[in-house]
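Take this structure first; my questions come after.
Chains here go by letter, A, B, C and D, matching the order in which they are written, and residues are numbered from 1 within each.
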Amino acid sequence: MAESSQQHIDIHVEFSGGAELLFDKVKEHEVKLSHDNNPWTIRKLLVWIKENLLKERPELFVQEDTVRPGILILVNDADWELVGELEYEIQNKDRIIFISTLHGG
Amino acid sequence: MAESSQQHIDIHVEFSGGAELLFDKVKEHEVKLSHDNNPWTIRKLLVWIKENLLKERPELFVQEDTVRPGILILVNDADWELVGELEYEIQNKDRIIFISTLHGG
Amino acid sequence: DKRKVNELCNKDIRRYSRQLILPEIGVKGQLALINSSVLLVGAGGLGCPSAIYLAAAGVGHIGVVDYDEIELDNLHRQVLHTEERLGKSKCKSVADSIHCADICQRIFSSHKDNVATRYLLNDACVLAGKPLVSASALRFEGQLTVYNHEGGPCYRCLFPRPPPPETVTNCSDGGVLGVVPGIMGNLQALEAIKIITGLKASYVQKLLLYDGLYGSFRSIKLRARKKDCSVCGETPTVTGLIDYESFCGAGPSDKCMLLHIL
Amino acid sequence: DKRKVNELCNKDIRRYSRQLILPEIGVKGQLALINSSVLLVGAGGLGCPSAIYLAAAGVGHIGVVDYDEIELDNLHRQVLHTEERLGKSKCKSVADSIHCADICQRIFSSHKDNVATRYLLNDACVLAGKPLVSASALRFEGQLTVYNHEGGPCYRCLFPRPPPPETVTNCSDGGVLGVVPGIMGNLQALEAIKIITGLKASYVQKLLLYDGLYGSFRSIKLRARKKDCSVCGETPTVTGLIDYESFCGAGPSDKCMLLHIL
């Protein structure tokens, strides 16, 4: 793809349903991922988020190498299960959303 | 623009809020407008709709050379007033929506 | 009874605790709600749910304007009214249910034409400098916008000329699924609550279109306030209330519109 | 009282006339509503508005399950309950307000953990072949989806493992603006009405995300039913109800979830 000539990929990362509380209550993040020879997978993004965006209590966001149960990941408004989950290769301009399921009413 | 080399432009036309009742209750229409040397403006589209899509009582849709009062026109989800109203030049893939304002509750 | 409340009593603190702990509301927001006044125009399918949730949120002064009496075919959507109250005033029914002020005067000469009422209320709000949270519902569809607030348009900016009377379909003719005005009335109440508590209203210069048949919500960008608007523009020609009946022409009758003036 | 109604009486025709004239509903849809049964699990912020609009639409049999008593801090969102009924059963309060069946048994051993309840209800619906209209609301946000219907996923397809108990925030801790569950509960009622009347449900294999602070609605495409799901898959391991408390672990208590089983 054309991105290989770029220095980085730009993606939109969003947290909702309470997941944003672990990120200083900031819901929307514009993220620049510097390009190296290995593709940016969701697996790799989770590590990056944990090291760069997460403000507190990492165990409430990631467990082992994936998100903790109860968080849904969306890639461009579709369930990540439809695109390969952890192995999905992130493209420039992708919108990745982490939704904590609400329990309340 | 690139469209000049094409034979037609494809647009999406939609009616809602009751305006669809004048169009056999069909809300969404995929429309092919054959390309000639004059640009397709909203003004020209209204004449085309009246001649090709409208099923009944044209006076409830157009009056003089514009839509009748109470109908809002949207171009790509924005009020047509923001893009030039009758003189707006329709582009390939545009979404043009006609909304009749509801009175009820 | 319009004295300003400056602090929450213990009972209020308990009653509203679940919304008080929201940082966006807090004590300041709750006090704003308690000291606020909302006028509901129409105690029908939109007015009933709005009244319920505005009262539940603690809005201190709710006025209701409606001249209609309760009929059996109202009950599928006008959920504050009951079979026992058939034939009674809708206004009184709302007032009895939520303990709001009962302003049931026939304040509009043209109360049976909702296009005329819409222009009247728009002009009244512009002249009084109040926002207008306007919604409507018909069949499975709903529309909502906030007029005359923070640089957004008023009703006349969007619709300088009234629609021909024969194009206005009302709930009696077109039908409406009851829960659709329920959803729209709740969304109106939330817009009003946000305006009262100083939060940003979501539908200023935007029109929300809801289609319940498809579960689709779409938000449309509207024009800004028009400089040449006859009531909110720079050189208005409408500087007081006019004869709205003759402005709009005679039309079909239906009065299920609802508007809030804050 | 579960005899099937085959025709509308004159009073029904008048009462429901505004929705009867909708071609999508009609006499057939109204009869389906009158002959339908809906179970509301939870008579709180979501259950109250759902109950109101399902009853108003003519749903013939509404069951309510709730073991809680009415508290003052419920009233800002649980709009069928009143100050006069403080300390009384929520179930009974709903039943008294809308004349529904009062099924107030404590049917869940783990009634205080709503994650466990969610798995229990999911499994019960899958085993009984019933759709589940599920919603939740917290702070200014709401979520809604339909499980186990027309090839869409069940709750376990999406969440094979329960969330750690410490990650579950409830209304008591997180707060909620009352009209947000009002909006979500109304949307639930509309989904249920569409399923009952044979219209296409809008949120099968879709998740509606609502953020009331921004007025934004977003619809997300979910996975289909999973072949390897432990309850709705091809070789299920869950073939009867299990011990949900030990499956989910001890957790924070809150019971303001609502679900419909049709």
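Note that a contact is a pair of C-beta atoms (placed from the backbone, for glycine too) under 8 Å apart; a residue touches a chain by one contact, two chains touch by 3 or more.
The chain list, named the UniProt way, goes like this: A, B = Ubiquitin-related modifier 1 homolog.
Computed from a predicted structure; not experimentally measured.
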Most distant chain from chain C, judged by the mean position of its C-alpha atoms: A
Rounded Å distance between chain A and chain B, as computed from the means of their C-alpha atoms: 40
Averaged-CA centre spacing for the pair chain C and chain B, given as whole angstrom: 30
Contacts with 2+ other chains: residues of chain D: 139, 171, 174, 176, 219
Numbers and ranges of chain A residues touching at least 2 other chains: none
Chains touching one another, given as label pairs in label order: A-D, B-C, C-D
Chain A to chain D touching residues, read off their complex: 16-18, 59-60, 63, 68-72, 74, 77-79, 81-82, 99-105
Interfacial residue positions of chain D with respect to chain C in the complex: 11, 14-22, 24-25, 49, 52-53, 56-58, 72-73, 75-77, 79, 139-140, 171-172, 174-180, 182-183, 186-187, 189-191, 193-194, 199, 202-203, 206, 208, 212-217, 219
Residues of chain D touching chain A in the complex: 42, 44-47, 114-115, 118, 135-139, 141-143, 158-164, 166-171, 174, 176, 181, 184-185, 207, 209, 211, 218-223, 254, 256-258
